[in-house]
Amino acid sequence: MNLLEYSLQQIINAVSQGSMFALVAVGLSIIFSLLRLTNFAHGDMMMVGAFGTLVMQLAGVPFLLAVLLGIVISALVGIIIERIAYRPVRGAPDVTMLLTSVALTYILENLGILLFTSSPRNFPLPDWMNASFNLADGRISFTSINLLTFGLTLLALLFLAWFVRNTQVGLGMRAAAEDLTASYLVGINVNTVIVVAFVMASSFAGLAGVLWAAQAGVVEPHMGFTPLLKAFVAAIIGGFGSIPGAIIGGFVLGALEVLIQSLPSEWGLGAYRDAIVFTLLIAFLLFRPGGIVGVKQEVKL
Amino acid sequence: MSETLLKLERLEVGYGAVRALKNVSLEVKSGEVVALLGANGAGKSTTLRAVSGLVKAKAGSISYANQNISKLNPTQIVALGVSHSPEGRRVFPGMTVLENLRLGASQRTDKENIQADLDRMFEMFPILSERKTQTAGTLSGGEQQMLALTRALMNRPKMLLLDEPSLGIAPLIVRQIFATLSELKKTGTTILLVEQNVNIALNLADRAYVLRTGEIVLEGSASELRANRERVAQAYLGGATLHDSRAA
Amino acid sequence: MKYSRLIIALGALLAFTLLLPNILPQYFVRVLIVMGINIILVSSLGLSNGFTGVFSLGHVGFMALGAYSSGILTLSVTKKLAYLPNLPGFLAGYNLPFLPATIIAGLLCAVVAFLIGIPLMRLSGNYVSVATLGFLVIVNNVLINAETLTRGARTFTGIPDFTTLAWVMAWLVVTLVVLSRIAYSPFGRAMRATREDGIAAQGVGIQVLPTRLIAFTIGAFFAGIGGALYAHYLVSFSPATFYIAMMVTQLTMLVLGGQASLTGATLGVVIVTILSELLRNLERGFDLGFVKLPAVFGASQIALGLIFILVMVFRPQGLFGDNEIRFVASHKNNKPKV
């Protein structure tokens, strides 16, 4: 395998990984920008989406429709938790909102255990999802899951970009993130904006959950937690509260993880990937809290 | 033209332990321009914030078009046709001029007329038309004030609440903005104006109230007050008992 | 004599502690031990999270460090050879008694907290929470990979079962006395001032960073002690023992009782312990003769989570808020007026 082929293979891995992180991180960032809520329960929307898809498949729904319904279920759960848990603590100190989301995570994951037990379940896929493609006599390979992860993330992000520029609710979303008081004054329906934000964030996470489960081959109640932590890192190193920041952060983190994995194994760093990533997060918080894109500190009235 | 559009009765507003407004009663008739004058911290901005629902009254009532609005939220109040152009302009800095204006029409139900209104705003302040696709944060202070005003007008308000439109803006642009305001007055828009610049405010207004430490200490028609500058100055400062609640 | 009530209380506690294991069923003794350890952990968590408002999510990380270090220090030389054959020489050749091992575990945590606190205490609000959560993840990751010291993700076992109710109660008393001396001293007032308004606190000459750093360090010391006690109670554990589920349990106890109240922390632990023991027994399912309720695993955690959210919505300051029930008269005068 020559260097070019090797690099191409790593780039494919990094882009696939980065897409997933970006897809989850974008939702975290949107919600943080509106509510200053560090939403730990966001990762569980991945679990909801994946289990939703699984249940639909077991009920005999064809795969693609099952995925769609799984995503719809994530969005619905997003709406429900916003209404019953986050709305009552809206405007409370940051820590109160953060703790509420920690409690929600705990509830959702244990609901998952209650309904599906904590042992991983097989996530059935149609054959075309498992197909793999080889280039350069098999020295570069990727699966249709890799392709789909990138393609669907791209579609989702393009839709988001269109949405926040061209719809009244989307404009309201950006406005409320910039200046909540002024948003009320111009008559933006902030509640609608927040609900729509939860719908989008949760359905993106649901989609990410399906892709994650497809890649892993299994679903389990705690599956959302590790990607959630990674998405936090991505969102914060990109610039917490910024949509472009979350996307950039996602791909940077994907590239970084692939890079760490590809370091010579005698250095022994591969196993410490998570520690390295979180050290990076702490470094960003300390030295560049605005992240790569440089989010401005919020000015409060 | 003469029925009362906005009426505050014995309004009390407090921030924590500080009483920002004490027993404030005032009214604005349809088509009238009323100025709220007073020193820093007298409670002028708080009055506007109470009307638009940003702060809740502890006691007293606010009625608009014969409807009690003191329990409504800001969005509902905007929907009734009350637009508030706030202190410090508060344009959305990362969004374009056009997007800011479109957001001003958030509560409009007549979507088909919005484009025409946008054109009207750009006619009113052609500089904004040139800056249409620029983000609002890159505008000068005067341009941002024009944007804040037109954004408020995009709601087609029956009642406009304006907080210090002259603050920190070059005199030439202040004149341009007040010329626009007197045009608006001619078209029958009711305006409640907060101003520190007494001259400019009394030239536009029909009537005025002077607030000091959260209380109304003087009211009268603009012409009376223009003719009686000393009393206005005295009302501002409150003779020897000068104490500033620093609440607004 | 101002300490007379305290001495009586301590005497009674001692008598109970020595007597109880002989009269109570083993189950209750075990519950009391865990409860005591949790009070140590949660009240020390309250020192940084409640009193100074630095909302750390990394407390369990310190606990893990304490558990592993005390475990390694006390493991007998033969067991070290069997379980941790690659241990560096200075650790392999000897083992320590319980008390010094516990104290070293606490001090190690204090040193780590001090070092990471120097940068982290600058962060505010959500950011310090996320960063300390990052610390927890890093600790977990390192424990899993430092196989020569920890057996990695496998169960670390063979630790002597030193933890008795008497040890726990003794450490509990030390913890509560030390924490209450700190919390209701002038330094404690400084801590609360940095919580209420960092900028104003600076304005009256309180140095925010050192104040937070000291609180964080002391909290970590007791987390290490609690971790060590827990290690010698469990006897075998793995890095997964000290992770998110435990963090959530401790947070639930803290926020339920009241974040800036030692009484609150104590009662939070007591209430949550009783509730979760009850629920855990219900959850196994039971037979009422005429109906048979099936086991519903996860239900007790769901109930705890719901309680947590209800507290956040309806009483975010917790049951006790900033208030205490006092045993020692001399502390009354130090009651802060914030």
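When the chains are written out, they are named A, B and C in that same order, and each has its own residue count from 1.
Keep in mind that, in the parts below, a contact is a pair of C-beta atoms (placed from the backbone, for glycine too) under 8 Å apart; a residue touches a chain by one contact, two chains touch by 3 or more.
Everything numeric here is computed off the predicted structure, so don't read it as measured data.
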{"item": "Overall pattern in which the protein chains touch one another (line/ring/star/complete/other)", "value": "line"}
{"item": "Chain occupying the middle, per Cα centroid", "value": "A"}
{"item": "Interface ranked first by C-beta contact pairs", "value": "A-C"}
{"item": "Chain whose mean Cα position lies farthest from chain B", "value": "C"}
{"item": "Cα-centroid distance, chain B relative to chain C, in whole angstrom", "value": "55"}
{"item": "Centre-of-Cα separation between chain B and chain A, whole angstrom", "value": "43"}
{"item": "Chain A and chain C: spacing of chain centres that average the CA atoms, whole Å", "value": "32"}
{"item": "Numbers and ranges of chain C residues touching at least 2 other chains", "value": "none"}
{"item": "Residues on chain A engaged by chain C in the complex (per definition of touch)", "value": "36, 38, 85, 88-89, 92-96, 98-100, 102-107, 110-114, 117-118, 225, 229, 232, 236, 271-275, 278-279, 281-282, 285-286, 289"}
{"item": "Residues of chain B defined as touching chain A within the complex", "value": "52-54, 73-75, 78-79, 83-84, 86, 90-95, 99, 102-104, 106-107, 151-152, 155"}
{"item": "Residue numbers on chain A that touch chain B, as the complex places them", "value": "165, 168, 171-172, 174-175, 178-179, 181-190"}
{"item": "Chain C - residues contacting chain A, complex", "value": "53, 55, 119-120, 122-123, 125-127, 129-131, 133-135, 137-138, 140-142, 144-145, 244-245, 248, 251-252, 255, 296-299, 301-302, 304-306, 308-309, 312-313, 316"}
